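Letters A, B, C and D mark the chains as written, and numbering starts fresh at 1 in each.
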Amino acid sequence: MTILKNRLFWPAAILLALLIVNVFTSNQFITLQDGHLFGTLIDILRGSAPLILVSLGMTLVISTGGIDLSVGSVMAISGAVACLLIKDLGNQNAVGSVLLIMAVAIAVSAALGLWNGSLVAIVGIQPIIATLILMVAGRGLAQLITAGQIINVQSSPYATIATGFFLTLPVAFLIALAAIGLIAVLTRRTALGLLLESVGGSPSASRLAGIQAKRITVMVYVVSGALAGLAGLIYSANIKSADSIYAGNLIELDAILAVVIGGTALIGGRFSILGTVLGAVLIQTLQVTVVGIGVPSKATLLFKAVVVVVLCLSQSVTFREKVFGRFKSRPAVRAEVPA
Amino acid sequence: MTTIDATPPSTNQKAAVNPRRRVYRPNTKYIPILATLALLIVMYVSGIANYRNFDQPSVVVNLFRDNAVLLVVTVGMTFVILTGGIDLSVGAVISLTTTLTATLLQGGWPPLLVLPLVLLLGALLGAGMGAVIHYFKVEPFIATLAGLFLARGLALFINQESIPIRDKLWTTLSDMRIPLGEHTRTTPTAVVALSAVLIAAAVLAWTRFGRNVYAIGGSADSALLMGLPVARTRIAVYTVSGFCAALGGVLYTINSTSGHALQGSGTELDAIASCVIGGVLLTGGAGYVFGSLLGVLVYGMIGTIINFQGDLNSAWTRIVVGILLFGFILLQRLVTRRAR
Amino acid sequence: GCGDKGDDTGSGGGGDGKLVLGFSQVGAESGWRTANTKSIQDAATAAGYELKFSDAQGKQEKQIEAIRSFITQKVDVIAFSPVVTSGWDAVLKEAKDADIPVILTDRAVDSQDKTLYKTFLGSDFVKEGKEAGNWLVKQYEGKTDPVNVVELQGTVGAAPAIDRQKGFAEAIATNPNIKIVKSQSGNFTRAEGKTVMEGILQSTPKIDVLYAHNDDMGLGAIEAIEAAGKKPGTDIKIITVDAVKDGMTALSEGKINFIVECSPLLGPQLMDLAKKVKAGDTVDQRILTVETTFTQEQAKAALPDRKY
Amino acid sequence: MGEPTTKPVLEMTGIRKVFPGVVALDGVDFRLFPGEVHALMGENGAGKSTLIKVLTGVYDIDGGDILLGGDEVHIAGPLAAQKAGISTVYQEVNLCTNLTVAENIFIGREPRTFGKIRWGVIRKRAAELLERLDLNIDVSAPLSTYSLAIQQMVAIARAVDISARVVILDEPTSSLDASEVEQLFRVMRRLKADGVAILFVSHFLDQIYEISDRLTVLRNGQLIGEYRTAELPQVQLVEKMIGKELATLEGLEDKALRSRTKSAAAEPILQAKGVGRTGAIAPFDLTIHRGEVVGLAGLLGSGRTELARLLFGADKADTGELSIDGKPVTLRDPQVAMRRGIAFSSENRRTEGIIGDLSVRENIILALQAARGWTRPIPRRKQDEIVEKYIKALQIRPADPERPVRNLSGGNQQKVLLARWLITEPRLLIIDEPTRGIDVGAKAEIQKLVAELSDGGMAVLFVSAELEEVLRLSHKIAVLRDRRLIEELDNGAGVDAERIMQTIASGQTASGATS
């Protein structure tokens, strides 16, 4: 009974249902092949890594009552920077150089996050507009970096972060796991989580409680930028090329959706890391399921709409009460107020 | 209340100039709007200074014509945002409206039936989302995102292709020009859009519904405890937004005499951005439709300047849009902060 | 009956007597498109024209806005690649009333009034789909085994996606053995091409042929096929459209079997036409771009001079 | 004050309301007669506000009946309640601060012609209405520009202007000072004479005895009884409310604390010289020593809150110099003040105090945690220890540290706030209306606590609308008038409420000449 009341029960149930559908539609749901795990489930885990990363950052931003629309553009920039640098390497397979380049790309992304954070916290621009600026201009920057073309790289260490396997598990998923762990520790083992929730819950009360909301806000956007950058690397490593136009296109919407499904309110305050991860995996699974059961492309959006409707209704306490509550005993019917 | 005599405080109330009266300040609530307007004019003037033919009246006229759809949608969005909500479905409702209108007209339905039908559909969709948001306490973001998927999904399901409209009424409206001056004419779409702004402004300023919108945006809990019709109002704003989006869709079909399931995609973000640029607070409760109008015009002006510039490739187009937007917002902040 | 505006159109836009061409591009949705833009910009410079370029970011309303802006700016010639086929009558009429000739590039419009534009320069998406289908039909001529085809569509609702699907379907209808078993949108992108192909590989037991609406999705799919332990081009035959450099490389490496070209290099042809229509010369209503198809051998030969 | 002869206008029987984990109301009966003022009494968390919210349909009831004018009714919500003739001021000021004062009074029932709101009429009538409450403010300014006390008056104005048969006032006087309370009572008496039934909640026993005819006592969600005010001595009332012998409440005895002597030769902690802020408070000088309790006295809107905020850096001063421990500082930010050992608890607990979503524990440790920085979390065990200690010391109920603070009763939220600042062990504690909405027992505890802390060396700046409280606790009293500090008095013999009111009254000429 208490499980049923948990906010995350219904998303989890829908995720499970979708996974079960996939067990039937796929040739291999999960098997061991070429020394690593393989199958639809693994595809889902691997494919959801970028979205998980972006959604993690988004969760923190949203918990302060903000929003970050620029994540997609940051992904594009990060991938473009990395591919541009890797392409010019003498030996594209030099692990050290590739790692260094990835660090540079993430640093660039973090700097972009710093820009966002400063606009929000110091200049005082509403987050949606502050990050919209980078959303628009950032993609232009990415296109400028790649000259509007797709930059191909042939670097196996780079490709590994997206397509490689370690201990039979996909590296991309392991990276996502590490990020989840890091963010969880960062927010729940320190006091950061509390301070974030407090800033999101009531900025004015937080200020009077002596919380340095500005510093925290800036930090959150930096983290979001860095995570988006990492997601951009995985995205581009997956196709071994930098696609400045489509990388991260519309991912902000999916990320926000994942956060909301995970039980974090858009107005800020309480947030749930686990919920967000669940939301992100759910969205990815939905994507895969659409292909798996062969929903015709023109009906894909309708199918998604139905799932999202079911999801948001099932998460609504009042809806459940109204639909299932009829079976509960209710107090005797009372007359209406005389007008 | 046994010790203190209440006389002293009441005596000073009768003083000629009430000493307790708060310091009078000029009407600060209009400063953001005035600042935005001033900056818009600065933008326009610098356009004239820099570009050939920018001083043509058609530049201004086209600003309203080209942004008629966005303007109408933004008006609806303003209502929603003022209550502290958000409506992501507007772009998709445009898609659905244009597709449906074009399909029905192609199928030979009478235009005077199609028009109210699609408008009603938009309003109903909005009302449905509003009801879900209010009664089931679903986040507006997620409810209207589902609305987005649903509306665009339906549109694509009905017809993926771009459908021409050859109906007489539509083509007549599309070709119709309303003379404004010697060489300037405008279209009915622009007139409809401007009327929408005026009506919305009047509704927000002078009707109970309008004031309830602001109250809910200020604090929905308080509004409820004050005995305001929160449910009705909240559903109504999403209905208004859905209606406006459908009206925007109709204007779209008139503007382009065609319908297509991808038309209007991304309009939601433009509309939200326009509201916010115009000084409407996303948290609700503060802002004006005229602000949103200015927001749309700023957006349009940026586009116009880029078109006149004419030597930017796609990458630079985006960057320059970003820079102009940034410059504008920054100046707006500085001006309003000074003035306060 | 709109009024008679355009009393001073003769003066042209440019103060220095250069021909002014207003070009409204669909957007920058692919490398193909960027190459197209670049070709036009370069050709304009080479021809000494002043180019007013505008990017519509895939939105019809922006394109209409740009064309109106060109009219206000009094350019000499307007050219544009329409985002969608219908809905241009009104704005084209405005251009006509202002006496500005219009050239369509790359994509057609379905206007009934053919006098609204001077000419249409570009490829025919339906024809591209047909070429792809015809090649496939020829490959399996005389064989009786069923052929399972997977189709990776472009963006749902986009004109090239619809037409390439249509043309292909028409062509393969001649052979009932060839069946499309899965058809999903990969949004014209590499990443989605890859993820969608991953899913299809997992859920479809036997795939003989992959038809992708552009090279990028095909290239993404190749990654997925390789990851699944299959050989692209051999285990699964691959047909794509566009012939950008990366695609041609894969074709020459044997990972793709056939590419239908869709050339973005319209610039020189466009400048030529612009000059003609400005001068009032008559031009053909329909001018096809010089395009071809490539097999693996042809690709090897053509690859060294491929610029985009 | 006649015995009700008519039938009750409102009758509630066997009302039960359960929140997850708490039975807020358990079989409560309540009657309200026309033309009476009926006080609802009980400790913090007894269920008073809940009973009111049940009555106005904010909460659904889990059991019991409500009869209005003899008919059984189901009230769906505040709107329905208003239509049924019940007009309410809820405990936390529930107005829309983004709207103007006038609008807050009239929203939902604006006078209109052809659907168009008549703004001129609204402004005029609002001004008149507030005038009757002796409040002279610009009604077309947003409500947010006014202090909480004014907002409370506006809420009252709204409620009494709605023509209703039942008027409910849940702690309307919690931050009003004597004269405003007097105005309110005048209005209440008039309503009463018109046959309106008034339900009144207050923790000030004096007020209860002054205005109410009958009273109902609740304890722990249960009905203790209904009494005629005149027949129930104060001592017995308190006993019924807290369920204990009065002996444990010696702190209630007036003047128990004030004879304390200030430790001599205490060094100053904070010195303000000419500190001020345009539009808020005129430049003032003030010195606060170690172990000293400085009280701020003044009327509504006299600038007490504004003064306190400047000393914490909640607002930035634009003139003057401030030094702490003799060293000059600029308080750009509350953080700076906190680092110097200053703490400030705002009068506006709902928007500037509690963070509703967070638990009691999190709210309590928040300031301490902020001071330590996010990298040094307070170990959970330590948190639990501190929180448990203060829940006990301040009698926070329910004593569940993991409950969201939003679900606590108003008085208990106030205690949580107080705890938040006490645990930071500040050297100067600035508390603005700390006893707002706190019941008699707890108030005495808090006063005792303040006295103890100052004995232990902590300096306290104490702001309260209740003059007696200021007098009882302070060593020194700063008197404000019209946003100007007009006098500093050492609290000793000869200083009493009358003397201070005189200062305020006579200050009129002084400020009239200088301003």
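Convention: a contact is a pair of C-beta atoms (placed from the backbone, for glycine too) under 8 Å apart; a residue touches a chain by one contact, two chains touch by 3 or more.
According to UniProt, the chain labels map to these proteins: A, B = Sugar ABC transporter permease; D = Sugar ABC transporter ATP-binding protein.
This structure is a prediction, so every number in the text was calculated from the model and none was measured.
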*Could you quickly compare A-C and A-B and let me know which has more C-beta contacts?*
A-B
_Separation of chain A from chain C, taking each centre as the mean of its C-alpha atoms, in whole Å_ = 33
*Where the CA atoms of chain A average out and where those of chain B average out, how many Å apart are those spots?*
29
*asked:* For chain C versus chain D, what separation do you get between their C-alpha means, in angstrom?
replied: 71
*Just how far, in Å, is the C-alpha centre of chain C from the one of chain B?*
35
*Going through chain B residue by residue, note those that touch at least 2 other chains and give them in order.*
156, 160, 313-315, 317
*chain A: positions in contact with at least two other chains*: 143, 148, 298, 300-301
*Per-residue multi-chain contacts in chain D, two or more chains*: 81, 83
_If we use the touch criterion from the header, which chain pairs count as touching?_
A-B, A-C, A-D, B-C, B-D
*Quick one: in the complex, what on chain B touches chain A?*
132, 135-139, 141-143, 145-146, 149-150, 152-154, 156-157, 160, 269, 272-273, 276-277, 281-283, 313-323, 325-326, 329-330, 333
*Okay, in this complex, where on chain D does chain B touch?*
56, 58, 77-79, 81-83, 88, 90, 94-99, 103, 107-108, 110, 112, 115-117, 134, 136-138, 141-142, 145-146, 158, 178-179, 181-183, 185, 206-207, 210, 279, 299-301, 467-468, 482, 496-498, 501-502, 504-505, 508, 511-512, 515
*Along chain C, where are the residues that touch chain A in the complex?*
28-31, 33-35, 37-38, 153, 156, 182-185, 187-192, 194-196, 198-200, 202-203, 205, 216, 219-220, 223, 227, 229, 246, 308
*State the interface residues of chain C toward chain B in the complex, per the touch definition above.*
1-3, 5, 13, 15, 22, 25, 27-28, 34, 37-38, 41, 51-55, 57-62, 64-66, 68-74, 84-91, 93, 110-112, 155-159, 162
_List the residues on chain A that touch chain C in their complex, please._
25-28, 33-34, 39-40, 43, 47, 143, 147-150, 152, 163, 235, 238-241, 243, 245-247, 249, 287-288, 290-294, 296-298, 300-301
